[in-house]
C-alpha cells in the first residue's frame, strides 16, 4: 500500500481527534446503558473508529454519507452534532429526528448524513442514488456507502455495485469488515477471503486495507474519493477491523474466541494512533489530554441536555407520514 | 396548457413525463429499457425522452429492481424527483424493502428532515396470457403501508393528470397502469388531477359501484346494460387508492344505499375490504343492504384462457352482482 | 406424546422443531444464526438442534433472505420440509418474490405437480425500541396472497401445536411469532393444533373481540377489566389468519351481536378489514352495531417510547372501545 | 479449453439429436404463432440449442433442472415430453400443468424439470435449494440453474452463488449469455466483460465458453457436473450464444444491429454441428435426414394432439391452490 498518498502530521492529528471523540462518545453511551440510566438498543462501533475518521478528513459537508445502525462513528466523523445525536438516542423531541428514528435511523442532512438504515445492505442502493444526484449536480461531490462484512452477501450489494460501476457514479463503497455479522463469523458467511475480490466482477477497483491503520485507510480513501470527484467512478474499499463489543450492548459475544477478542483489544487502534502522534512529535501528551478532556465535556453536556429534554408529543404520530399532517 | 387531444394512455403518460421533465430539470427517469437505445420502454411510454433529456436524466438500467428504487430514493434525497419504473407489478416484490422500509418511511423516521418525492411506475393486469407471475394487482400491500400514496388511472386524461400530480407530490407515489387500459384513446385536457380525489364517472341512484383502473370501464359497461334493465348505477372511479376519497365514496354510498366494490386484485384482503368496512361502519343503519365485493379469484392468475377470464371480474359478473343486490 | 410442561414460547418452539426433526429426517432448518455455533438463533429457538441433527440439516446461512427462502423452496421441491427463518418480519420484504411469486404459486402453476411444504418462521412486534424497520406486523400482505397459509400463536401451547401442524402441512406456512409473547410461560400439552381453527379464549355474551398473537393477551386483560364493569366479553383467538376460521368468528359475532377486531398491524387495509367486511355481509341485520376495529397508527413504528406505546393498541384502548360500543 | 474432456462421436450425435429436436420444435411453435393459429407469448430459444444439448448428455433423469421462460430448449434436452409440453403451451387440461402454468411455468418433475420461472434471476435461489436436497440425498445428483446474462445483475444471483459455494452444493450455474436482455445489450448492463469473472468473488470456479460449440460446451459442463457429483461444489459456466428471434415472438429486435444478427445467424450452431457430424463420418446425411423427419413427425403429432385437447374446467381455479381443494 506504499504507493498511497501519506497523511501529514496535521491530517493524522485530525484523524486522531475524530477517533478520540468517537471512542469517548461510544463509551459514554455504553456507560449510560450499563448504569441503567438508558434503556435502548445500541450498536457500538468501538474498535472501528479509525475507518470513518481517516475517510472523513477527505470529505466535505456536501458529500453524502449513508450508513447503518452501527454508524455513530461514521456520523460523528462526518460532523453530526453531538447534542441532537444524544437527544435522538434518548428519543427526545430535541433529537435530530424528533425521537422518531432512534439509534437505527439517525439522520442529519446538514452534515451530509442522509440515511441510516436498519436493513442489512440497504445503505448501498440509496448511496448509489445519492451518487447519481452528486454526478448530476456536477460539483464533484461524492457518496459514501458504509456497510458490514455480512452485508456484502446480500443482493443489494450486487445490484448497487454493478449499477454504480456501469454509470461510473461517484460512490465509495466502504465495507467495514469487523469479522462478525451478529453471531456469524466472516469465514462462515462466504468462501472468498477478501470481499474486495468482488469488485473485479463489476469492473470497478477494489482494495482491502487495514482499516485500523490511519495511513493505509487515509490513503485508500483519498485515492477513491479523488477518483470519484474526478468522474472516474466508484471504488470498493474493504477495511479490515474488529468490533470490541457484542453485536449490540447486552450481547456477551460468547461466539467470539477469547484470544481473538483479546488480540483485537490489545491492538486498540485509537490509543495506538495516539501513541504514534506523541512519538512522532505531532502533538504532546498534554495537548492531546486537553483535547480529550474537552471532548469528554462536550459529550457529557450533550448527554445531560438530552436527559432533561422533552419527549415528543403523541401528535407526532400524525406528522411526517406525508408532507402534510394527517387529520 | 396544451389544448385537448385524443390520445391513448401510453401517449398521455409519455407527454406527462415529457412536460414534467421540461418544466423541472430535477425530474429524472430510470428503469429497464426506458432509454431510446432500448426503444423507450417495453410499451413505449418513455419514447423520445432519453434523446430529448439525455441519458444522465433518463437512465436505462440493468435488471436490478432493488437498485432502481434505491437509486430513485437516493437521487430524491439529493434533491431530485426520480421516476423509477418497475416493469411489471409482480416485480415490485424484488424491491419491497426499498419501497416499504425506505421510500415510505424515511420522512417519518428522519422526523421530517428528508423526503422521498419519487414516483414508482408499474403496469399490470390479467388477460394477456402472462400467467401467475406477470399479472397481479398488489395495490392492497402498498395501501397498507403508511407513507406511500397509490394511484391507478382508468383513462388517458387521469393518467396524464395523476402523473403530473405524482411527480410534483413531495411523497412517494406508486403509479399503477393497466396494460389492458393502455390502448383506448380518450380526450386529454393536460390538467393536473389532485391525488386523493375520486371522480363520479357516472351518476346514478340505485347502486354505487366503486372501482379503479381497468374495472372502471367494466363498471361503466355494466352500468349502461343495467340502465336498460331499469337499474340506475353510479360509478365512482377511485383514481387514488391511498389515501382514498372517503367523502366522495361515502356521499355516493349514502345516496344510493347500495355499494358494490370491484377490483381485479384477489378479493380476499383486497382494498375492497377496507373501503367496505369503512362504509359499513360510517353508514351504519343507512344502507339498504350489505356492502358487496367482487375481486379476482383466490388463486394465482392462470394461463389457460377460460381460467384467466374466469379469474377476474367481467362486466357480466358486475351486472349479475348488481341485479342480485336489487333483489 | 410428552406430558404437559410449563414452558415459554421459545422453549415450546424449540421442542416442536426438535420433535418434528426427530420424527421426520426430511425436516430441515435454515436461516441466519440458527446453528449452535451462532448460539442457536437470536433468541435461542433453535438451540441444540444443529448439534443434535447436524449442520447439513440445520444450516446457519449468510445474510441472504432471497437465498434462504429460495433454498427452502428448492429443498422442498426435492422432497424435504424446510423451515426457513427470516429473523424479523420486516426482512420478509427482501424475500417477497420468493415467498409470493414462488412458494405460494408453484403448486398452482405446476397444476399440482409440485408442492412447497415449507415453514417461514419470523418474529416481530413493537415495544422494544427497535424503530420503524424492525417492528411491523405484515400479515395482511400474505393473507392477500393465495397459496400460503398464515398463523400467529398467542401462547406456548398453540405455538407448539401450530408449529407441528405447519411443518406437517403440505403447503407453505408463514409462522409469525410475537417477540413480546416469547417469555411468558404457559402449559404446553404437545398436541398438534389444526391450521384454520380459531379458539374461543374466553366465553362472553355482550361483545366479541377477535384478535391474534400478542393482542389476545391484551384482549383477555381488557375482558377481565370489563367484567368488573359488568360487560361480558368473548375473546376469539384467530390462531390462523389465512385461511381464517369463519364459522367460529361468525358464530361468536352472531351470538354477541357486537364485534371489535384488534391487531397491532396498521389498522388501514389490515386483516381486520377483511374479517369485518365478511361479518358485516354475512350477519346483515343481525348485529347490534357496526363492526369496530383497533389497529396500529397510520405511521411507521416510532422509536421514542411514548410514541411507540401510542402506536399500538393497549388494553386500555380495548376497554375504551368496548365501553363505547356498549354505550 | 483443450484440457476439457472431448465428446466422442456417439456423444456428438446425441447432442445433435437433442439440438435438432429443439430447433424444429421451436420453429414449429413460431409457425403456429405466425399463422395465427396460436396466440400466446413465446420466448424462442433458437440459436441457443447447443448449450442444453451438450449439458444434458451428462445428466440423469434424477438430476434437477431449474430454468426460465426461455427454457423449452433446456427442458426438451432434459427429456420433457413433447406432448404435454405442447398441450401446456396451448393451455390445455392435458398439459403438464393442466394449462395453469403456460410457457413461463412449464414443469415436469419426472424428467427433473422442477421449476420454470418468469421472474428474472429466481431460478438460482431455488436451484440452490435443489442442490441442497441433492447433497442430502447423497446419490450424487446435481442441480442445474439456467439464467440469462441480464439475470446475472440481479441480487438473487449474488446470494445464490455465495450460498452454494459456502455450502459446496452440487449446483451448476449456467449463464446463457445471448448478449441481450429484452432490449438491453450485454455491454449496456454491466462493465465486466465476462460474467464468469464473478465466480472468484464467491470462491467458486467460473469459466466462459462458446456455448454454440458442442465440444467446448460439453467439456465445460462435464467437468462441472463431475465436480458437483464428487461433492466438490458448484461451478459458474458462462455460455456465450445468441438469440435469433426477438425477446419474444412479435419483438422485431430493432435494437440489434443488423450485421450482428446476420453474423450470428450465419454461424447457426445446429446446421454447423450437423455438417461436422457428416464430415467426420459420425453419421450420414441420410441418417440424419431420417432422424429429423422423425422428429418433425413427433412434433406435429404433439402439436395437433394439443390443438384438439380440452381446455381446463373453471373448477380448476379452486384446485392446486392448496393441497386440498377450496370449497
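Order of writing sets the chain letters: A, B, C and D. Residues in each chain are counted from 1.
FYI, a residue touches a chain if its C-beta (ideal position, glycine included) is under 8 Å from a C-beta of that chain, and two chains touch if they have at least 3 such contacts.
Source: prediction; values computed, not measured.
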item: Chain at maximum distance from subunit B, centres defined as averaged CA atoms; value: A
item: Pair joined by the larger number of C-beta contacts - A-C, C-D; value: C-D
item: Whole-Å gap between the CA centroids of subunit B and subunit D; value: 36
item: Whole-Å separation of chain centres (CA-atom averages), subunit A against subunit B; value: 40
item: Numbers and ranges of subunit A residues touching at least 2 other chains; value: 95, 97-101, 105, 117, 119, 153-156, 159, 162, 166, 188-190, 320-321
item: Multi-partner residues of subunit B (at least 2 other chains); value: 62, 64-66, 90-91, 93-94, 97, 101, 108-109, 131-133, 146-147, 298-300, 302-303
item: List of subunit C residues in touch with subunit A within their complex; value: 32-33, 37-39, 42, 60, 62-66, 90-91, 93-94, 128-134, 297-300, 302-307, 310-311
item: Complex interface listing, subunit B residues touching subunit A; value: 28, 56-57, 59, 61-62, 64-67, 69-80, 82, 97-98, 101-102, 106-115, 146-147, 149, 169-171
item: Subunit C - residues contacting subunit B, complex; value: 90-91, 93-94, 96-97, 100-101, 104-105, 108-109, 131-133, 138, 140-141, 143-147, 242, 265-266, 268-274, 276-277, 280-281, 284, 289-293, 298-300, 302
item: Sites on subunit D touched by subunit C in the complex; value: 64, 66, 95-101, 105, 107-109, 114-115, 117, 119, 122, 124-137, 143, 155-156, 159-160, 162-163, 166-167, 319-323
item: Subunit D contact footprint on subunit A (complex, rising order); value: 153-159, 162, 165-166, 188-193, 197-198, 200-204
